Structures are given as structure tokens and as C-alpha cells.
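Each of the two complexes below includes chain A, the first together with chain B, the second together with chain C.
This part shows the complex of A and B:
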């Protein structure tokens, strides 16, 4: 093939980088087109039609974003930028920036329309076309703009990405008539919601050219080696953060030094992201004034969900040898650290735990402050009344003591969920697990939206999932037995291979028992009368706290270190 | 003697956890509600205990069978007890419409037979389960040997409420057209009004605790309607508790357990006397 024009060169670049993704998109679209009519017509599976349609659409769209984001990282620790090796293409910067954006936007729109035609038409909801297309283009262009515009600053980029992610996560609600009408009246907006939505659509359409203009300017500066104010700002930002985290006393041991390094590089990410998200949620909610009890409970619920949600997302990077590197391989310089793989894994676990503790301290503190100053106590009071109704004072005190600890444990669990795969250096394993986690998150998201949308009777129905629930005793028992067998094998290997000291292994085991006891204790109190559910939750408590995972991670890391 | 190593500790924990998991799994599977086929659809039912009569726990559709969690295990100590999710709610599949009291009573009757729970039955109806149990008893009078009404909804009270407080308990035209239980409240209450109950031991519990101005205003009318309706049945007993409001099933489960126990005892006395 002759690449005679810049248009074909960029198209080839996209094609050559994302072949596997394009095949996956096509395969998923065909799968959806074949599967959904069959699901809809099946007597026993018809109830799953919406879930299958939305989940497949979400996976297809995320894969499309993965193929068209047009950013690149570097193995030295770059967290993504415009592909700089393309700067020497014989074309103007305006085209160099515009083409990937246009291709990406066109691809997102085309794929959504295909999804709508092949899959979403089977879902029992009104199928909008205009706003989802604009919204997808908005998401892609904002992502590209942030990554392309801030190649120098990993912290600032992460901050901007967090802000964009939270706007994108919630922004779609402003286009759903039932939600926006309620929200606007709650905020005291007296105008026509349809007019509001039309204006919002115009604003959304304008973000595309704005993102292009900013990206063009920033890529032009990078291409010509121009120092810019924002680069100075980014350098200042990085210096300030570095100064803040600078250590002032000598390290006691190699172990301690690595703990400090790991904390500096990854420990504060979750607390920082969660604080930014809280600020983005709470400050506008405060400024809007006059929140109802229901809205207060909505904000507080989001404060509780946010650390868990972001722990899952940040955990993807946390599980890698270096959070900021796009490579899964341990860099040679790091491979020769004077610590065992077991010590290294334990350091990661400790940092994750400290990160989870700090996050929840901040969430609880800020949640109280916000509720005191800006919230309506009617919502929390209703919940307290219900809790008082169901639980005795002793149970309430125990719940108060156990719930924050359980929240920390679950957050920590999500942060270290993928450690064995991330430290193995195997891209296939790492991405496969990420895909599974992503699909579970999308499914949960869709389930939550479907539950909270429209018909209140719908919220009281889960007969479609009962057959799956009925299998849970068997599935959970088998999972616990498999986990325990795997743990015995993995710890045997780790101890025999001297990847971890006996003392550290015993300490972890004691910690594991304590954490399981905390979760089991909380579940025991929470579910007092539904015995079958209580039994199942005991099994969930055992499954939630990783036992085999750390030992497997040690083994993975040891193999990765010896093959950097 | 060989030294105990951390691996031994892990092994011990793994063995204990696996054994405990097996036990918990078996217990959970045994205690889980089952689904019983009622023609085209299935109802989730929780069956516990042994013996006769069978105590049938009934409430309004949106309330799941776990509403009876504080009561059912205690009743199961001396009787066979069954609670269930109404069709179209929670884990029961949607059933034929309209979802009125007659349809619900017939469905329950089929479900009881399909689940091998033969009569006689003692019916316990909580809230809107009151009208439902009345319709059931009038459709199958020979199979019902006792009734307990737990703060039941009375059609007289609802009519007054509709007249004086039209904003409360609003059933919209859309609700009526959907023909779910909420929309079929009035037809169900009319069916309950026309129901002819068998002469069986009967107890009605009224939750007389108030928590706000509105409930203080409405409570005397609620209580009066209970007393007025119950006066038709000379054998009936009226218990008024000031320790609980409408949530009496959660706050005073022992009151309901004792009421059911007494109804069963009275029925057994009657049976003995007949012999």
C-alpha cells in the first residue's frame, strides 16, 4: 500500500496499532446481532435482553476508544502523550491533530449507530441517537486533549483525567428527561427542561472545536520545542508535589526505603483522586444551595461509593511494578533492589492499606464537614431512624466500629486485586483480568442504572437473577475451597523459595484472619434474620480478603525480576 | 518433633476455612427459599418447620418474604410456616393480571398445593395482607382454621383517607391500567368487603404507637375501623399495642408469634372437644 497522503498515513497508523481491536469490535457486533434476537425470543433468557445489549454496547465502545485514542506512553515512565515519533511526518500540525480526532469521533459515532441498529433496538427503552453520539465524541476529544496537552506532568494529567472522568460518569444524566427534570426542579431552575437540554447539547457540540484548538496549540508547542507557560506550571506543580513528599531522615533499611518510594509514587493517588472528586461533587452541591434530604443522601452515597470505585480503577495501575510506566516488565534498575520479591509485595500491600486508610479518614472527615455545613439532616436522619428501628444500641455501636474498618479492607482489596497478574509481566494475563473487571463494573453500573430508573416496581424485581442466586451456595463454597487450596500451594512455594520470611508470612496470615473476622462480624450483625444470606456473606468475607493472591504475586514478581 | 512452620499454619487455616465453607454452603442451600411453579410462573416461597396446621404468612406485594424473618423461625418451632413473594415482586415471576385479591388468593392456594402443603391453614395477614387473607378465607372456607390480622388495612379507613387526605396513597390512572397490586388496591378492598369469613379463631393486632402529628390524628380512626370490623365476629380477640406502630412485625414479633400460637391452641381445643 502506498501512503501518498497524510490522511492515509494516519489511517494506516490507526489500523496497524489497533488491528486486534478492530477484529474484536466486528466480532462483538456480529455476536450481538446474532445473540440478542435469540435472547429476546428465549422464554427463560428474555429478562436478560437489556443487560446483554447494554453490556455488549459498553464493551464495543470501550474497545473503540482503545483503538482510536491515539496516545502513546514510554517505557521510561511517560504516562502518555501525542505519539511524538509522528512529529516528523510531512504535514501541518493542524492536520496531524485534526485527523486522529476526526477519525476517532467518526469511529465512535459509527460504532454507536451500529450498536443501536444491531443491539440496542432489542432493549426496551427509547433509543436516543443525537446526544449519545455527541457525548461519545465529547468523551474521546476530552481524553485526547488532556493526554496530548499535558505530556510533562503526570500529576496534573491524572488530576484532569479524574475531573473529566467524573464529569463523563455523571454528565449523561443531564440528557435523560426523567432525571434532568427532577434535578432541575431540585436546584430551583424554573425554565423548560427541554430548552436546558437543547442548550446543553449546543455546549457539548462546542467542546469538540475547543478541544481541537487547545490540542493543536499544545501539540504545536511540543513539536517545535517551545517552552510554554503551562509547561512551566506543570514543572512547578511536579516540583511542589515532590517537595511536599521529600524525605528528611535517613532510611532504616532497604525495606523501609522501598516502602517510602512506593508510597511516594503510588500511595497518595487514591486519596488525592477521591478528594478531588469529593470537592467536585460537594462544592457545586454546596453552592447550588438548599439541598433536599434525598439529594444529601445521594451525595453521601456517592462519597461512600467513590473510594471503592476509584480503588478498582487505580488498582489497575497499582498492580503493575511501576504505576506510572506503561510497561509491565520490571526495569533492570528496579529488578536489582536489595529486597526479596516477598518483601516488595508486602510493601505494595502495606502502601495500598495506608492509602485506603488515608482515603477513608478523608472521606469520613469531609463527609461530616460537608453534611454539617451544606447538607440537609433529614436524609441521614431517616437512615438513622431505620437503623435504630432494626438494630439494638450494642449492634449499632459495633457496626459503627466495624464499618469503617470493613470499608478500608474492601478498598484495599480492590487496590491489590490484580497484583499477581500485574507483577507477572504478562500483558495477556494482565489485560484479560482487566477486561473481566471492566465488564463486571459495566454490568454493575447498568444494573444500578436500571434499578434506579423509572418504574418503582422495577426496583422490587429480581426474579431474572434468582436462578443465579440459587446457585450461590455451591459456587461460593467451591470458590472458597479453590482459594484455600491455591493459597496452600502458593504459600508453600513462596516459603520454600524463600521469597518471604516466615515471620512476615505469619504476620500476613494473622492480618488475614483479623480482616476476615472484621468483615464476617459486620455481615453477622447487618444480616440478623435472613440466615441463608448471612451464611453466604460469611463465605464472601473469606473470599474478599486475599490469601493466595499475595503469594502468587511474589512468585510472579520473582519471575518478572529474573527476566526484566 | 517437627517444628510448626508458617506453611502449617496456612494449611490449618485453609482446612478449617474449607470445612467451614462446606458447612455454611450446605446450611445456606437448606435455608434458601425455593421457587414453586404456579402454572406459567414461579413464586419464591420459604417453608420451615413441621406439623399441621400450616401457618401462611401474607402481606402486600412490595414487601418481600424476609419481612417475616423475625417471626417465621420462631413459628417454625411449633408449626409448619410458609411465607412467599407475590408474583411480579422480588424473586417471584410476574403472574397473570389483574393482580387483585382474588387472583392472589387463588395463586397462593395453587402454590400451597404444589409445594405439598395441604390444609388446614392458619392465615396471618400483615397490612394489606389483611384483605388478601380475608378473600382467601372466603374462597376456601373449609381449609382455613384460624386467622391473625397484623395491623391490617381496612377498607373503611382507606375510604375515609381517600376522602379527607386525597394526596395520600394516590392510585393513578396509569397504576390502574398497569393492574399491579398497587393499582388494584380498590378492587381488592371491595373483594375483601364482600368476603364471607368462616367461623374460626381470630385475632387482630393494632399497632397504636404514633410517631408524628399525622399518625396521632389518624390513629383513632384506624383503631376504630379495626374495632368496628372485628365486632362482627364474637369469637375474635383484639390486641392493641402501644409499643409498636405499623411496623409491629419488626418491633414486637413475639406478639404475633403468641397470637398465632393461641389461635392454633384454640383450634386444637375445638378439635378435641368435637372428638
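This part shows the complex of A and C:
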């Protein structure tokens, strides 16, 4: 290939690195174009047209972002910074920054237009073009700006990314007339919603150039070794907070050392992110003045959903050998340590559990504090009244004891969901599972939004699903049987391969039984009268707590260690 | 001619018919070698010859596709704990966790080895001038090499595997510290297996040597034997030659006209007889350095038969 200009060289690099992604995007677009008309015309599946269209669009757009983010942090790649290897190229910084941003923005717009033409036209909503295009460019440029601007501040970067992710996840609602009109009036905005949306559109259009200007400045500083505020902050952090966190005493055992390492690298992330997100939600809500009972319940609901949601997201990284590395291979420094893969996996499970416990302790504490100082008790009171009406005092006390434990178990489950794939070192397996999880999350998100619309047609569509529920006992029973069989095989292999000791395996089994009992106990109390549902939930409890997963993860890690 | 490596019975490392392929590249091809206890074993070869791949097999970081690898009589993949607890390893890439501080790195690594010698570790840390409060990411490449070496040594492993240990080290550390350490380890009855590009260093410290080329062991044995079996001759022909002469025993041949320098392997009598048969006489003879043998072995496939 004859690359004569930097413009074509960078375009070629983007193409070359993202070829697999481009193929996936093309395949998904074709799949959507073929599948959606069929779904729409099908009598029993027509109700899912929107969900399928939006889910496929979301996956295509995320894949596009993955192909065009243009960041790397080490010789193995990563989301660390602007690719610093390009600094010695004879190019002006402004071009070096502009080219990947422009290519990325153009690709996002093009892909959205293709999605609109091939897939979204089958959805029953109005099909806007301008704001989604601007919004996608906003998402990409903000991501690039954060990564490129803060190469030396990992935690600050994570914080900014969390905030940006929250804004991007919910910000689109401000461009949907039906949502924004009601929300603005509830917040006391008396102006014309159309004017508000126009202004917002202008602001959105300006974020792109602003992100470019900031990125240019920051990359210029990095290129010429200029001292930056974030570097000064990072140095200060290292001298102060870093010294406080410094480990000075020896570890009791190898397990203890791995525990410390895993916690420092991964364990603290979920509690930290959830606390920051809660603070970003609760503080503005507090400052905005008196909240209604409904708004209070809305925020409390978000407090409950946030740990679960972020556990799914953070669990993607948690399942890898190193959260911060894009490589799925175990670094030789760790691979040569004389510990079994089983020990390593067990420590990872413990760290995930500790992370989930700390997260929920913080959520419950902050939830109480916030409600006491800023919330309206009317909302929670209504909710409590219902509970008092349905359940006896003993049941209420049991629920109070079991619900936080169940929340911890489910959060933990989400954190370790992908462990076997993440530790395998196989990118194909890892990304395929991530894709499935992503699609399920998008589908659930759309489902929730559509449910909350109060659309009567939407409610009616659920009755079409009703016959499928008859199959649920059979499906769940088959799933439980498959799970148990797989678990027996996987644990047998792990024990025979000396990946874990018999004692540790028995301890995990005891823990598994306890966790299943907690979930089953809670479901048993919650569902009082509908016996079939109660029985189904017992099976769900068995399915929720991982049994085969840890043994498979041990096998994956052992294979990864001997094939770096 | 290759030299017989020690029998597998008393070997710390025993590799038998090991082959490994990465895609279309044959990284290791039917490698067999045995490293006896208490020796310093040097592995030399060009870039991409298969040195690191072989070391990774010894650590269990790669599983043997064909053949067998045993360290202390155990398979490092099947029993990683049994093998790795007795092996100290310095990686060519010094892939230490950048976020840890030096003292955290020491404490962390210490937790995995029951025989960790804290006093020795502290001695080495001071000798290498490593600040315990410094983060690994702020260490220079040479300091990271020293930190890696410290971690590999501090639990006094029975087998020390060093992959390009000199890489990044300055000449003073390389000559005065690294070589002293390697000798000390060997004198204590422990075994050192190291790969290096620096042949003078290999020559100074190794007892035994293996030379690897394109994944195959082309030379293996005691260093003295290897050197003794090679000789460099300057020969003179009676008439001026317009094309290079051909010698069966020659690895390399250079010169013009009547005088030619031959580096060859084989018994002296056979070599001299071949020279005389070609109508030449031996002007001088000397034992080549390891460097010359390596270059000859590397150039062998290209230069034979032409000069």
C-alpha cells in the first residue's frame, strides 16, 4: 500500500486496526435490514420490532466507537492516552488531534444514518436525524477528550468517564419532546420546551469544537513535556494519598498478597464509582430544593439500581486478569508466581464479594442520610405502608435481613459473571459474551423506558408473551440441570488437575448453598400467594449464584498462564 | 558435530524433542538439552532464534506441543506450584507491575516464596540503589532490570532463569554485579540458565553452552569442549585463487588471492589433511573466541560454500 499523506496513513491505521469491527458493523447492518422487516410482519414478534431495532443500533454504534476511539496506553494498546508513538511524526499537533476526531465523528454520523435507513425506520417512533448525529459526535469527542487529556491520572480519568457515561446514558432524554416537556415543568422551568431544546442543540454542536480545543492543548502539552495541572495533581496525590495507601508490612500469605493486589487494582472501583454517581445524583437533587415524594422514590430507586448496573459494566473489566490492561493475557510477572489458578480465582471472588458488600454498605448509609436531610418521607412512607399491608412483622424483619444480603449476592454475581471468559485470554469469547451482555442491557433499558411510558398498547403486548411463560418451568428446570451437570464436570476437572484444594472447593460449595438459601428465602417471603411463581423463583435462585463458573474460570486461567 | 549434553538423570532441566510452532513459523524444532545441577548454562542465538520461547517452556508459560519439558523432574505446566516455587525468573521485558512501589513489590513477591531471604533482598536493594518509596513506573529501564533481578534472586532459587539479563544494565552492573551473582549462585550449588546476546559475558561465566538457530540446537556442550573443537587457520595456496576454495570442515572462509582464513570444526588432523589435499599450507592456527564461533555458526548457512 502506498500511503503518501498523513491523512491517508492515519485513515489506513484506523482501517487496519478496526477491520474485524468493520466486518461486524457491516454484518449487523445487513442482519438488521433482513431481520427487522420479518420481525415487523410476524404476528407474534411484531411487538419486539422496536427492541430489536434499538438493540442492534446500540451494538453497531458501540462497535463503531470501539473502532474509532484512537487511544492507546502501552505497547499492548489500551485506553491510556493519545498514541504517543505518533509524537515523533513530522505533523502539527492540531492535525494529529484533528484527524482521528474527524474520522471518528464522520464514521459515527455515517453509521447512524445507515442504522436509520436500514433498521430504525421499522421502529414506531419518529426518526430524528440531527440531534442523534450531534449526540453521537458529542459522545465520541468527549470520550477522546477525556482519555487524551488525562494520561497520567487514572482515577480522575475514571471519574470523568463515569460522569460522561451517566450524562450520555440519560442526556438523550432531553431531546425527546414527550419526556422533556414533563420533566422541565416538574423542575420549575416555565419557558417554551422547544426553545430549550433548540438551545440545547446549539450547546451540543459546540461541544465538538470545545473537545477538540481542549484535546489539542493537552496533547500539545504532552508532546512537548510541559508540566500540566493534572500531572502536578497526580504528583501531589502520589505524595499524600498514595503514601497513606502504601503497603509497608509483609503479607501473611500468597493469598493475602493477591487479595491486596486485586483490591488495589479492581476491588475499590465499584464502591468508588457508585459513591461518585450517587453524589452526582443526590447533591444536585438536594440543592434543587424540596423534592416531591415521587422524586424521592425515583432517586432511591436509582440508588438501588446503580450498584447493579455498574456491577455489570465494571464486571467486564473485573473478569480480566488485570482490570486496567486491554490485554487478556496474564502478565508473566503474575503467571510465574507459585500459586494455583484456583487460588487466584478464589481470591478474585472474595475481592468481588468485598467490593459488593462495601458498595451496599455505602449505598444504604448514603441513602438514609440523603433521605433524612433532603428527601420527602411521603414517598418511602407510601411504600412502607404497602409492605406493612402485605407482610407480617416477622416477614418484614426477615426481608430487612435478607434483602441487603440478596443485593450483595446479585451485585457480586454481576461482577464475576464473565470470569471464565475474561481469564481465558480468548478475545473472541470475551467480546462475544460482552456483546450478549450489552444487548441484554440495552433491551432491558428499552423495556424499562417503554414500560414507564404508560403506553396502553405496550401493556397489551405483554399479554402476547403470556403463553411463553407456560414454558418457563421447563426452560428453568433444563437450565438448572445443565448448570449442575456442567458444575460437576468443571469441579471434577479442577480437583483432578490440582487447580484447587478439596477443602477450598467444599468451602465454596458451602458458600454457594448459603447464597442460594438467602435468595430462595427472600423470594419465598416476597411471593406469598402465587405458588407457581414462587417455585419458579426457587429455580432462579439456583441459577443466579455461580457454581460452574468459578471452576471453569480456574481452567481458563490455567490455560491462559501456559499460553501467554 | 554436536557435544553430548549431560544425561537426563542428573539434570535440573530436561528438554526432550521439544517443538513449537507459531502459525507458519517453527519457533522450536526438535530441541533436546539437559542442564546439570550447579552449572551456569548459557543459551545464545540470533534474535528470533527461539531463546525466549524455550525459556517460557521451562517456566510452563508455554505448553509443549510435542516433546517433553521437565524441571526438577516435574512438568512445569502440570505442577506450576512445585516448579515455580524453586525457580527465579528475570523476564526480558521486565514486566513488573508499574503501579507498585519498590517496597510493595518486594513485600508482594516475598509472600509467594517460603525461602525469601529478607536480609539478602535488602542487601541487594541497597547495592542496586533502589529507593523503596519509588514507584516502578518511575524507575529507569536499568533500575527495572535491577529490581527484576532482585526479585529473581532474593529467595535463593535452586534454578535461576535469566532471559537477556544484561539488557538495560550498564557495563559496571553487568560486569561487577551480574556476573558475580551468577558465579555465587553456581558456587552455592544452584543452577543458572541464561540467554544473552553478549557473547563475551557468556564466555566469562558459562560452564556449558547451547547455540540455537531457527529453533534448532546447533551446538550444545561444555564451553571448553566447544572452543577446543573449533580452530581458526590461516592457510596459503601456492597459486592465486579467483574463486573461494571449498572445505568440508569449514564453517566460514574469508580472504582473497593466496591467503585465506578458515574457521572450522573437527579434529585437527582431519582439518589439516583437508587443507593439504587442497594444495595449501597452514600459516597459523588459533582457538577462536566464542564470538567468532557464533558469527561463523550464524553465517554458516549463508557463506558456505562461497566466501
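Quick note on the criterion: the second predicted complex is superposed on the first by the 538 of 564 C-alpha atoms of A that agree within 3 Å, B and C clash if a C-alpha of one lies under 4 Å from a C-alpha of the other, contacts with A are read in each partner's own complex, and residues count from 1 in each chain.
To be clear about the criterion, a contact is a pair of C-beta atoms (placed from the backbone, for glycine too) under 8 Å apart; a residue touches a chain by one contact, two chains touch by 3 or more.
For clarity, every value in this text was computed on a predicted model and none was experimentally measured.
Engineer: Quick check for you: in the superposed arrangement, does A:469 touch first (chain B), second (chain C), both or neither?
Structural biologist: first
Engineer: Once the shared chain is lined up, is A:331 touching chain B (first), chain C (second), both, or neither of them?
Structural biologist: Second partner only, chain C.
Engineer: With both complexes superposed on chain A, which partner does A:530 reach: first (chain B), second (chain C), both or neither?
Structural biologist: first
Engineer: Which partner chains sit in contact with A:253 here, chain B, chain C, both or neither? Use first/second/both/neither.
Structural biologist: second
Engineer: One more residue to check, A:12. First (chain B), second (chain C), both or neither?
Structural biologist: neither
Engineer: Just checking: does A:377 make contact with chain B only, chain C only, both, or neither of them? Give me first, second, both or neither.
Structural biologist: Once the two structures are laid over each other on A, A:377 reaches no partner at all.
Engineer: May I ask you to decide whether A:513 touches chain B, chain C, both, or neither, giving the answer as first, second, both or neither?
Structural biologist: first
Engineer: Who does A:368 touch here: chain B (first), chain C (second), both, or neither?
Structural biologist: Neither partner.
Engineer: Would you tell me which residues of chain B are touching chain A in their complex?
Structural biologist: Interface residues on chain B, with respect to chain A: 5-7, 9-11, 13-15, 17-18, 20-22, 24-29, 31-33, 35, 42, 44, 61-62, 64, 66, 69-70, 73, 88-94, 178, 180, 182, 247, 250-251.
Engineer: Considering only the defined contacts, which chain A positions touch chain C in the complex?
Structural biologist: It comes out as residues 238, 243, 246-254, 256-257, 260-261, 264-265, 331-333, 335-340, 498, 561-564.
Engineer: Can you list the residues on chain C that touch chain A in the complex?
Structural biologist: Going through chain C, the ones touching chain A are 56, 59-63, 77, 79-85, 87, 89, 91, 93, 95-97, 99, 101, 103-104, 107-108, 110-113, 133, 135.
Engineer: Within the complex, which stretch of chain A touches chain B?
Structural biologist: The contact residues of chain A facing chain B are 389-390, 457, 460-463, 466, 469-470, 472-474, 476-477, 480-481, 484-485, 487-488, 491-492, 495, 502, 505-506, 509, 512-513, 528-533, 535-536, 538-539, 542, 547.
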